Every structure is written in structure tokens, then in C-alpha cells.
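Worksheet: the structure to be examined is printed underneath.
Chain nomenclature is as follows: A, B, C, D, E and F, assigned in order of appearance, with residue numbering initiated at 1 for each chain independently.
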Amino acid sequence: MLKTQSTVDRLRQTVLPDEGRIPMFIYTDPEVYALELQQVFGKAWLFLAHESELPEPGSFVVRSMGEQSVIVGRGEDGVIRTFLNSCRHRGMKLACEDSGHTKLWRCPYHGFAYASTGEFMGTLVGAPYERVAYPGGLDRDALHLIEARCESYDGLIFATWNLEGESLAEYLGDLRWYLDILAGRAEMEVVGVPQKWVIPCGWKFPSENFTSDAYHTATAHAFLAKLNLVQGVDFGRDGYHIDTGNGHGLGIGVHPEEDGSYFPAELEDEYRANLDSDQLALLRRVKNFHGNVFPNFSFLIPNFIEIAGQKVSGMMLRVWQPIGPDKIEVSSWHLVERNGPDWWKNKGKAMYIQTFGASGMFDQDDTENWELQTQNSNSALARNDEVWLHFEMGMHQDPMPGFPGPGAVFDGKYSESAGRTFYRRWLELMLEDA
Amino acid sequence: MLKTQSTVDRLRQTVLPDEGRIPMFIYTDPEVYALELQQVFGKAWLFLAHESELPEPGSFVVRSMGEQSVIVGRGEDGVIRTFLNSCRHRGMKLACEDSGHTKLWRCPYHGFAYASTGEFMGTLVGAPYERVAYPGGLDRDALHLIEARCESYDGLIFATWNLEGESLAEYLGDLRWYLDILAGRAEMEVVGVPQKWVIPCGWKFPSENFTSDAYHTATAHAFLAKLNLVQGVDFGRDGYHIDTGNGHGLGIGVHPEEDGSYFPAELEDEYRANLDSDQLALLRRVKNFHGNVFPNFSFLIPNFIEIAGQKVSGMMLRVWQPIGPDKIEVSSWHLVERNGPDWWKNKGKAMYIQTFGASGMFDQDDTENWELQTQNSNSALARNDEVWLHFEMGMHQDPMPGFPGPGAVFDGKYSESAGRTFYRRWLELMLEDA
Amino acid sequence: MLKTQSTVDRLRQTVLPDEGRIPMFIYTDPEVYALELQQVFGKAWLFLAHESELPEPGSFVVRSMGEQSVIVGRGEDGVIRTFLNSCRHRGMKLACEDSGHTKLWRCPYHGFAYASTGEFMGTLVGAPYERVAYPGGLDRDALHLIEARCESYDGLIFATWNLEGESLAEYLGDLRWYLDILAGRAEMEVVGVPQKWVIPCGWKFPSENFTSDAYHTATAHAFLAKLNLVQGVDFGRDGYHIDTGNGHGLGIGVHPEEDGSYFPAELEDEYRANLDSDQLALLRRVKNFHGNVFPNFSFLIPNFIEIAGQKVSGMMLRVWQPIGPDKIEVSSWHLVERNGPDWWKNKGKAMYIQTFGASGMFDQDDTENWELQTQNSNSALARNDEVWLHFEMGMHQDPMPGFPGPGAVFDGKYSESAGRTFYRRWLELMLEDA
Amino acid sequence: MIDVELRFAVQDFLIAEAEMLDSHDYQSWLELFTDDVRYAVPVRVSRKMPAPDVVDEIGYFDENKQSLGLRVRRLGTDVAWAEDPPSFTRRFVTNVRIDPADPSELRVRDYLLLYRSRGDRGVYDLLSGERHHVLRPNNGSFQIASRRVILDQASLGTKNLGVFL
Amino acid sequence: MIDVELRFAVQDFLIAEAEMLDSHDYQSWLELFTDDVRYAVPVRVSRKMPAPDVVDEIGYFDENKQSLGLRVRRLGTDVAWAEDPPSFTRRFVTNVRIDPADPSELRVRDYLLLYRSRGDRGVYDLLSGERHHVLRPNNGSFQIASRRVILDQASLGTKNLGVFL
Amino acid sequence: MIDVELRFAVQDFLIAEAEMLDSHDYQSWLELFTDDVRYAVPVRVSRKMPAPDVVDEIGYFDENKQSLGLRVRRLGTDVAWAEDPPSFTRRFVTNVRIDPADPSELRVRDYLLLYRSRGDRGVYDLLSGERHHVLRPNNGSFQIASRRVILDQASLGTKNLGVFL
């Protein structure tokens, strides 16, 4: 890291979450980014796929960890693994497609072959002449695919290159109680495939937005009020902001008890079977639900809206995949209860596509902000004085007592507590063994 | 600046204006450029706009200082100010358009609002809930827009991030006497808006060309002779080259006294009211007039040509805005006397557009040179020995005595004296506190 | 090289050709590439053109050395020279076309002129006023074009910036015996001009492929077998792999003695006049012939195929010109015996175009591999542990005795010996005076 | 051989629609659609042959008249930030094919190349795709009863689809 | 419904013009213009709606027959460096619309996509815009009495306009 | 004035061909060519005017029916790695010109803009050029007896020509 020593020093001096101040340059500085790929994306647990995307043995999808292409596959033995998408011979990609099904990956360059479980199968099944080319034979073990550590929670598949560190469960910590409500309340499935598109913005802008930015809704998404799509709206304030203390954060918007649950009654039993009474009680009041798992995995249950007499919401998962210092590829999955009634599935999907995703009216507003913040970040880099961003919301606020869920829970969603923690965690990783 | 220490050393050893030698790599080296953004564009006075572009209180244009987007606006109080186009909250751009008119900038992300004078107006007018989101309130002063130091001379608006340094008047120094002739001789106005286009070239190539390169005309613009558009032409030699000693430079082509002034008689009185007798005498002999204000602001009164019996010239202002080490966005403004006669305005504009600007026959020749010099500069970077550029013209020539205007004035435009001074000034800034 | 010190250390520790291990990051790391431009392309002999491309005095082509544009021209005196395509005045390109014919290069910017032999001819022939602009005159010698050291072998023109180092003959060493068979067996000529296209891949992937990768044919080009275009194929094994010990390498596929020569009988006499008996004997058995001259010049006589009863092969020369860390511009020349019979020329050309070049079925397979290896290399850069590539083929194999040609010759083309030497030579240059 | 009048009627209709969008006349544009219109842009994926590369279960757009109307109304407000200032767009319509089998529901396909610039420093986006229309004759002209657009990217190279296809 | 013959006459004329420019036949091209032609390319700006985004007070081109002639003569010399070697250009003409109101002065609009490459390492520029023509019938064909081109960028992404639009 | 029926017959033919290629129906595409077809794509070079910039002695393609057939058969295998997954392609065919001099061998030219994406992160290639066809009437439709494509780059900006032009 010699070459970025000056960067490390600048980070140490200028990233001040405790004071609610974050310097603008860190969002897109190429040297900060190079360090992030190693220190953050090289060590954190990264979301890759939902188990429903790997229905059977042999199913696989191609995803990314940092900028590295990886194969997430369910082996013939049913176990889900994550491999670097790189042949052990000369580093050719083994899978060039987005997804597929196979017993065996045969490299298109020289034919080295690998089982769906990662073992090197020799070249015999691939190219002939192994005995001739390698009289001494090849070292099977040395040629096993490079494998990441892969674990799931509530059907959400994560992997990390940090083979010795904390488990996924430890990594998620207090967030699990809330993830259960999001993704563990029922059997969930991805509808189709993720939408993917490219935004010219630094990956931390959207991540921090989902972590702790309930406040932007009233202005950024002002069209809601202009078009009277929301009445007597609280502009996303009513509810809770939760700081789980390890970089993750979420906001839960709630509606009055008396409204009764917005979720389909048809699924009540399944919910009850999967959630404890406190989680169930909270689910019944959920009006919207957003958050981010450090570093770049977000989730959202958009504010319910009424379509032809029925309240619906189309939930989604998001990965803000960096593909450069100031560019991301967004993946947006629509997730729904597999056993949900058709009206819930159909209207939920329509609502999701019309309001979110590449053409989504909300995403349009947000991408505009993230892109222009990114342009300012790029130019801030060269300034002789720092441009500070303001992260002071809820700085001196105390968590509310007596909330059933874990973590520091704040009354009302207007707080950037989890955002400050996001940067504490980020800085910690960036400076680790520097 | 640790990371560019090796660059600083190389500059110290190889940039030798006194010997008329400049190394090729400095024109596009990414590290030199990173340093320039801080040392040159972070400290120099930069031209942004002409006062006629801000006709009334609330008028604003969006321009650049180095790579930073800034708003140049006339406040409700009539004062012209320059602000970083970056919200104090999270750095979103406040103005995304090229120009406009407003009493108030309301940030599209969370609604923080700012008066046209830069004061933070709180979020009340913007987004609701300030009292809820920030119970302790927000620090109005800390949230004032980041403001650059902004001054005008002869209607030319400049700004700098160097808040304590010399004034614009001091910065321009001896050049002012000549700027008066260019932009102060009468009430001037920008016609429409600037043309803008992108050229793959380093910003110093065009800057040095306008500073001291009268010599290229005969060859680069040889079509003039080929098409007999110039007779008995002196190929741009007759006249004066002026080195004001602080990095600025200009060349003034003159015609014989007896020809009488080429400028419209209708404006004679206004000229007399604005210029002293020496300036007036010089204006009467001006055939062409080009120069550059360090670092990247150029001006030009092209050689007069006769259109249907009347001599005209369409003057222009230029900014060679770097948008990367080897890329610029050119802005070209057409400036004319507001009270000029129609024939002067109409023919002058036609002449300007037909010969200069993106489609201009002269600019085509020049962009070709600057682009290919840039390609050679990019590759020179990797050479084990330096590629030297030749800057020796007029090196041992003495200034002429008795010229009424200030600065070192050379008889005949063929001299690179001001070009050498340009690089002296440049090097000085680059090495400052390095 | 201060800034890449950390890179130099990493290279020293991780590039281990003796162990058959090469780290993935070296293929596209921007800092490795910056070092390569200086240490490898700044010092090695680089192929530029074939003498038949410069038919007469005044003929010239524009080519590249590293990223630098150079003019390769036959002077009025008939001598072939290589000049930096950069005017000594301000570095404008003297030749902007791909090829041409001239007595004199006149710079389009200010008119400095140069003879086809590189001497500065003053500006008189170019722009007027030299006496006025430079009363003291200009130093003719100092303004001579920057000239590289240029030599030919078998009609192949090479140049280097290393003016004091080994001669081309010494540089090629043992490879010459084989180059004679390739390019010296008869009077050769380039058919038309080279094809050029851009591939997003690091330059070393194709270079190592031509140096020592006979093994990929069976898999990468499996369509041959699928379409029964090859019967009883040995998948490119039968023949010899040759490691000339200085970074160059080649593979020669042979057919049974009894088949008799595949080359046209019409040329037998000319071959005999140019080759010694051992070379001639080998030529008679050549079925295919591929190799690479360190660093990035490859050649290939593709496996002969039968077209309408006649065996033909369309030979080619290749330069893998880097135009960035992970991008190359390929130039592919089709070379043929000038005195060859029409059937050989026509069918050979058709065979070349249909199987190789931008649309070539073989090149398509290979570009796919090189592009995806490049993507993996780009991402490997950020890994906390190295991704090793496997280079162990033929590691413990001894050269065969009694082969008439020089160098270490291995029986059977399946060996990566020359590939390992390629990286030994590469590392040596990269670490030189570091 | 398809009737010439019909060819030009269809072509003029598609070209007129492009002009409405490129000049931001969204109100007129909305009226081109039938009340029962289905406007869909499925997701494209990169798969080994012969696996299908269009995924209809999910899309970038999945609209009806009401949702299209909502999008248009939104663009009429002064808070549709992403398109104010609006992108400069140009919709090049070529390769028109008409299937006259059912005159009451013409099946028409074309190729669309959409040039989009936010006017920033020479940068622009290009979107390419094939459009499948169902056109219903409607006094002298047509109405769009269905549109399905197959985009030619598995990962869209434009920051958002704030522009219609 | 516009007359078919007229449609093809106009289309053939515009396509023939594109061919002249793409093959550098500037002399023939010049003759397509009337002596009183006005050829203008105004500047485009990025403004908040509903402010106009075309500025006619100033332009990238503002030509008459004489100045077009000068440009053409210049291209005929051996010192028009910027276009020698010439760019490889291709002018894709689509979305043609004809207003036949005044047959003596046809108002025609089209979309122009201009591909331009200097043949360098796969790099190219694209210019996109709408052209407004006034065509005067001229024995069997037309002459261009007026052209106004609205480019789709506020900052042109090409090093110069050494090519005609 | 060229016959309207002929215009549309030619245009429909070229558009149908583009569709075959864009939908990877190579078998049907191959049948569009006569047995004696010559399919050539010469190399383009950057030269000072008036030197010719097309080099016919060597090309990116130089095919006959047999070699085209081989390419098509290859694409039918499961080892044509470079196009499996296949590129998403779109061939925009415009500026069609017909020379009806010899009805039995129609000389036709058009402009081709080929959009190509491997579906990766918004990246795409664009190929531009002019195509010269010789079309032979063949019961109601045509067959291609000759094709020559002039590409607009001296150094192709696409990794390979695994796609037909």
C-alpha cells in the first residue's frame, strides 16, 4: 500500500463520522477506490444471489465480488459455493453467460475441466493428451477452483474472501432480527432475473442513501405530493431508524395500529410460522422498509400504495456494484412470497416496475442526485481545502427505550446515526493493517 | 503532494524557459495535470463570464474553475458572486442548467435552500421538518455556500480560490492597458451564448498559441494565401509582441497609419470616452489582436477582412477548459460593441462564425495541430530521454524603446518571449510549497 | 521510477518462470504497463514493417514503437530509417497518414521541413521569414529528426531506442536460422496492407500464445474437429517446440517425410538458393509454423489445408501493439512469395482471410480467450493474494539431441519452455537499473 | 406486396410519434395509445445458445394506460429533476416491417436507435432495440394497442430510462 | 396523404446529397444550394423547462452561398490539414417528413446521424440532429433554399465541424 | 423515377436479411446468396488526398459461397465460443439507392450501421459502412450475387468480425 500512504493519512485526518463530517473526495478518489477493493470488498461479506435463483443441483449464476467475476453455483451435491470465475491454468473465464446449468465447467481455452463442486477433473474429459503434455501428471489439489467462503441467511447468499474472519451470522449481528421480517417472513422467490443498468456514480452514495436517508423523500420525490399520490403524508418520518452498530442500517416506516396489516391475509399463517410475536407485530405495522447491509447491499419495501382497492408494495433487493471509482452497475431483484396470492404478486410486480428500477420514477430522481454528487466529488479531489458533507442529523439524539428489536432504535426515521456508523466501519477497514 | 514528488523533481530539472526548452511530457502527464489543478487552477484568477451575461439581479450562469462546477450569479443585491456549485449538505449540484434566473437555489436532493447571495436559508422553504430533523437547528453561517473571490475588469468577470493573494488588478498588471483596448473601448456585449465543443488536446497547447504564436499563421493557415484571401500579406509579422512579465502575453498586428482606423467611425466618440490618446492611437492601427491571460483565457480580434466593401472583424473570447490531462472543452464567446452600427454587428458575426469556432476554418487548422501534438505528448511520457520543444524565437531580442504601452514590447510579432514567461510563471506556481 | 517501487518489488517476488508460475496481475496492471513502455518497449528491437512496403526512395509508412508514432521511410538515398513522428519545433506529427511517398516532410504547424533522410532543411522551404524570426539562424544539427536505430533481417525491418545495445542480429540470435525458413526462403512481399483492429486485451496474452501455446488448438479451435476439417488430427502436437533462449520461441508442426513438401514445386529452386540443406529439409516437412519474437512480434504459417485438390497456407506476420494496459491494436500482414504461382497466391490469400484476421475463425476463438483473461487480470490486481497462472508444461523435459537447427529443441510441440524464457527475459528488462 | 398507402401510413405514424417524444410533447404522445394498451420492455440476458435471451417475467417497463399517464403527468411537474433540463433525444426509426394479416390489429416491427445526451461535454448514450407494435386503425391514423421493446443490452448503458422507447 | 412520387423525389435527393458529402464531392454538393441559401446551425443550450434550448442569435454555422463556396474551395487546396487525410464519414438520413403546403418551397425535415472516424484505433464521433430544409423544385430535382440543423448536444463531442451537416 | 414496387421489393429484401442476421438465423441467410457470390470487405486506409483509401488487394472478408457456408456451419456448433453467448446485434439499413440499368443484375447500395453488444455493462461497438450489392431477381424476391462493404474505419473498433456485414 506504499503508494497510497498519503491517501491513508488524508483519510485518518478527514473522515470524522463522530463529528458528522465526511470529506467529499472519498466518494470517487481512484486511490481510495483501489484501497476499497482490497480492504472493503476484499474482506466484507458480499451479497451475491437469492437461493431461489439456484433451483437445482448444477444451477449457477455469474456475479461479482468487488470487480472480480465469480460463479455462484449449487453443486451436484446440492451445496451452494462461490468460485472465482477464473481457470487455474491461464485465468480464462469458465462461465461467460449470466446464468446456466452444468455438471462441469470446461475451459474454452485449453480444456481444463472442473466439477460443479470445484474439483479439478483433469484435462482428459476436456482436451486430450494430458499424459503427453504433463507426463508427471497435474496436481489435482493445486488446481481446485479458487473458492470464497459462502454462507446464507434467510435465503440470501453472501460470500467473502476473508476465510478466517467472523461468520455471516456474526457479521449481520442485530440486523438478522430485521432481515427475518424482510426476507425470512415467508418462502421468497426472485421474479425472473435482476434488472441491470449502469450509473455514473460512486457506490457509497446509494449505499448511504438506503442506510439512513429517509429525509430526502419529501424533496427528491416531491412529485408524490405534486400529483397527490400521498395525502397527509409524513414524508417518510413516522417510524424508526435503526443503527445496528456494525455499519448496517435501516429505516422502517409504520402506519397506525388500527389500519391493520398491509400484507396479504392469505399469508398470515406462513408469517406466523416464521416470525416471533414481536417481529409479527412490527410486520403488521410496516408501511415501508429500507436499509443497507454494509457495504453495498440494499433492500426496500416501498411505501404501500393502493391499486384498485388493494394496498400493495413490490419489494426489491439491490447491489450497488462498483465498476470503477465513479461508476456502478446496479442490480435490482424483485422478491415476492412464493405462496402469495396472484393479486399480491401481479399488482406488486407492476408497482415495483412502475416506480422503481431503471425506468422507476423514484430511481430517476435518485440517480440524478447520485450522478451530480459524483461529478462534484471528482472535482473536489483537487481542491486545496476539503469540501465537507453534512452528517449531523440525530447526532445528539438518544435511542428510544423498550423497542422489541435489537440495535440502537430511534423514534422517527429522521436520523443519520447508521450513516455515521457506516463510515466508522468503513474507515476501520480502510485503515486495517495500513 | 508526496505521490508526485518524482514529478516535481522532473519539472524542476526539465522545464527550462530561459534556455527556450520545454519538455513534451508536461502537456498531458496525468500527474502534472493533477498538480496543475491544485497549484495553477486552484490559485490563479480564472475568467468565467462577461458582465453582459448577467443582465439583472438573479441572473446566473454555470461555469468551471479547474474541473469544479461553479455558479456565477448576480445577487438580488446586484453584486456578482461565484459559488461552488455544491450543496453544503451532501454536495448535490444546485444548478444543473447552463444558465438561468432565480431568487433562490433549492437543492433537489433534500431541499436545503440558499439565497442568490449565498446565505443558507434553512430548509423550511425547501423541505419541511427542519425542527424535527434538526431540533438543535442548523448553523446558518457554516452552511453558507462556498464562495470564491470574484472581481471584474472591463466587464470581464474572474474568480480565484486564492482568497488572500493579489487582487485581479494586480494579477493582470500591465496587461490592463491592452485589455482596455480589447474589452474596455466601449460598452461590450456577448452575442447569444458561447459555442462549446470538446477537443482531445492538452490545455497548454492553445494557451501558448494565443500567447505568443504569430508565426504559425503563414503555414497552419496557408489556405489564406492559396485562396488569395490575403495579398502582399506579411503573414502576421507586422506589429508588436508584448510580454507583460507575469505570464500573460499578446500580439498586435498593425496596418499603415495612412489606412486610417478599421473600426466603425460611428463608435469613435465612445472609444474616445473610454481610452486615453495612446490607446486610441493604437486602436486606430489595429489589424488583428490576440493574446492570453494566464493560464487559459484567450482573446482575439481576427485580421480584418473586407466584406462587400466594408472591413470587419468578429472578436472573440476563449476559455480552454481542461476536462482531463489531454482533453479540453472550448468556450468561444463572440463579443461586440453594444452601440455598434448594424453592418458592423451583422458582418462581424458572420465573419466570426465562418472563420472561427467549431466550424471555423482557422480553428480547424489549429485543432488539428493541438490534437496531434497531444498524441505525441502522451507517448513522450514513457521515453527514457526527454523530447524537447523549441521555444527560442526572439530569445536574444531586446524590447523596443518608446512604445507608449507598458510591458516588454517587441517590434514585430515574431517572438516567443511571453511564451517563455508563461512557463516561468507556470513552473513557479507548480513548485510553490512543493 | 520511484512511484512504482512497490510494483518492482512485487514483480521480483512473484514472477517465477523457473517454477512455472506467473502472477495474473502483470498482464494489465497500469503501473506494470508504464514500466513496460520504458523498460521493454523503450529498449527492445521492435518489428515495424517489411521491406516490400517501402518499394522506392521516398516511400514511408507510419507505425508505432511502444505508444510512440514513428515514420519508417526509405530515404532518397535508398536507406531505410525510422524517425520519431514528431517535429523538433513543437512536436506536431509530420505524417498523419498511414503511408505515403515524399521527398520532404513539411510540418503543417509552422513549416519546419525535414529531408527524407531526417536532416532539418530549415524553414525557408516551409514557412517564410526564417531570417526574420531567427536572426541568429537555427541549429541544423540540433533539429535533425529524432532517429531510432533501424536494421533489417530477411526483409523484416526492426528498430530500437537502445542505440548502444546489441545489434538486431545478436538480438535475434538462434532464431535467425528459423526466420530464414519463414521469411528468407524466397523473395517475399506484403499483399496490400496490414489489417488493423482493436482488441481489449493485454499484449502479453497473444504474445505468449504464439510463443509456446500449441496446446490450445484442440480445445480453443475445436470447430476443426467438429466440422471434420481435420482427420486423424494430432491436435498440433507432432513437431518441435523451440526455445532460442532469449525470449523468442516457436513451434513447428511437421508432416510425414513421405508426404513430400507442401510448398509449391514452382519455388523449389528459389528455396534452394536461399536455404541450406538442413533448413530446406525442414521446410519440406513444415505443416504449420508459429512463433513470437520478443516482445510482441508474431508470425504464423497456418496448418495447410486442401482447397480444390491443392494444399495451401496463407502466412502472416502479427504485431500486438499495446495502446493501453489492457488494449492492443493488432496489425496482421499477409506475406507471400513474390515469384509464387497464381494458384498459391490466390488460394493462400483466400485461406488466410477466411481463417485468420479480424473475421478469421481462429482469431475469433483466440480473441475471446484473450479478452476474458484480460478482464480477470484487471480484477486480480486488487486481490490480497496472488492469482497464479500455470506455466509448467514441459518443465522437466530435456531438449532432443541431434536436431540440425540451433536453440533448445523439444520433441513435440507441447512445451512452454520458450514461454518461461519469455518471462525471464521480460523480468530481466523490467528490473534493469530499477 | 404490402399496399403502398399502408406502408406510408404506418411509417408516418411511427415517425410522428418519434417527433412527439423528441420534442417532449408527452400529452399528444399519450393519446396515441389505446386504453387497453400493454407497454412492456422485458429484460435481456446473456445465455448460452439456444437458451432464450429475453425474460418476460420481469421488465424495465410494464405499463398500462394509467401508469403511462402517471409518468406523463410527472414529467409535467417542475420536480421531475432527472429530465429537467431534459435530455436531448433523437429516435431513429428504421427497418419497418408490416404484417397485414389482420387489418384491424396490424402487427408492425421496427428498429429503434435512440440517441440521448444531457448536453454534457460531448458525452451521449445510445440505446438500440427492436420494437413490436400492434396498431389499430383509428380514423385515418392508428392507435398503439401494444408495444414490446427488445433492447440490445443485458446491462443498460444509460443512467435511467427517463426516456420512453 | 402525400404523393408517393414526391416522397421518393425528396428522399432520393437527400440520400444523393449524403452520398456527395460522404464521397467528398463538394463541388456537386455546392450546386445543390440556391444562390440565396441560408445555412445555419444554432447553438443548443441546457435550460430548465420550459425555457427554449435553441439559441438562434449565434451558431456553429451561419452561411450563405459565398461562404459555403469559400469552405469548399478551401477543401480543394492541399493545405486543408484538418480534413487531409479526410475523415471517413457516413450520413444516415431517416425520419423524413414533408410539408407539401407550398409546392414551390417544400418544407422538409429529417433526422441526421453522422458517423465520423479519422480511422484511428477504433475511435469515432457521432453527431445527431434534426434538419429543417426548404427545397425548391428545380427541373426534376430540387435545390436547397434553406437549412437549419438542430444538433443534440450543448457541447459538441467532435474536435471540429470540418464536416458539413 | 424508379418503380415503386421495385423500391419496396429491394428494401423489404434488405430489411429481411438484417432480421435474419440479428435473430441468428444463419441458415436462411446463407440461402440468400447465389452459388457464385463474391462477398468482400476490403481494408480501408488513411491516405492524403487524392490517394484512394480502399485497398482491394486484401480484405477483412473475401468469401465465396463455400467459405460462407463453412462460417455458418461453424456457428452451428457448440464450440463457436466467440459468439456463444451471442452478441446482441441490430443492423440499421438506410440510404438505399437502386441502379435499375440492368434488371437481371440490380446494382443496389445502402448504408449499414451495426450496433453490437455482448451485453456487458453498457458497453457496445458500432460499425458503419456502405454496402454495394448486386441482386439477382429470384422468383419474386432476390439473391445476392455480390456484396462489397466499405467500412468507415482504418482500424476496426470491434474485437473481431464474428458478425456478418
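By definition in this document, a residue touches a chain if its C-beta (ideal position, glycine included) is under 8 Å from a C-beta of that chain, and two chains touch if they have at least 3 such contacts.
Please read all numbers here as calculations on a predicted model, not as lab measurements.
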Minimum number of chain-to-chain contact steps, chain A to chain F: 1
Selected pair, greater C-beta contact count between C-F and B-D: C-F
Approximate Å spacing (C-alpha centroids) for the pair chain C, chain E: 44
Inter-chain centre distance, chain B versus chain E - centres from mean C-alpha coordinates, in Å: 31
Rounded Å distance between chain C and chain D, as computed from the means of their C-alpha atoms: 49
Residue list for chain A, restricted to those that touch at least two other chains: 3, 96-98, 108, 197-198, 220, 329, 365, 368-369
In chain D, residues with contacts to at least two other chains: 4, 45-48, 79, 81, 85, 92, 94, 113, 119, 121-122, 126, 154-158
Pairs of chains, among all present, that meet the touch criterion: A-B, A-C, A-D, A-F, B-C, B-D, B-E, C-E, C-F, D-E, D-F, E-F
Residues of chain E that touch chain B when the two form their complex: 41, 43, 45-48, 51, 55-64, 67, 70-71, 73-74, 77-83, 154-162
Chain A partner contacts - residues on chain C that touch it in the complex: 3, 5-6, 24, 215-216, 218-220, 235, 237, 365, 368-369, 372-373, 375-380, 382-384, 387, 389-390, 392-394, 396-397, 412, 414
Residues of chain E touching chain C in the complex: 79, 81, 85, 119, 121-122
In the complex with chain E, residue positions of chain F that touch it: 1-2, 4, 7, 44-49, 53, 92, 94-97, 111, 113, 126, 128-130, 152-158
List of chain D residues in touch with chain E within their complex: 4-5, 8-9, 12, 15-16, 18-19, 22, 24, 78, 84-86, 88-94, 113, 115, 117-124, 126
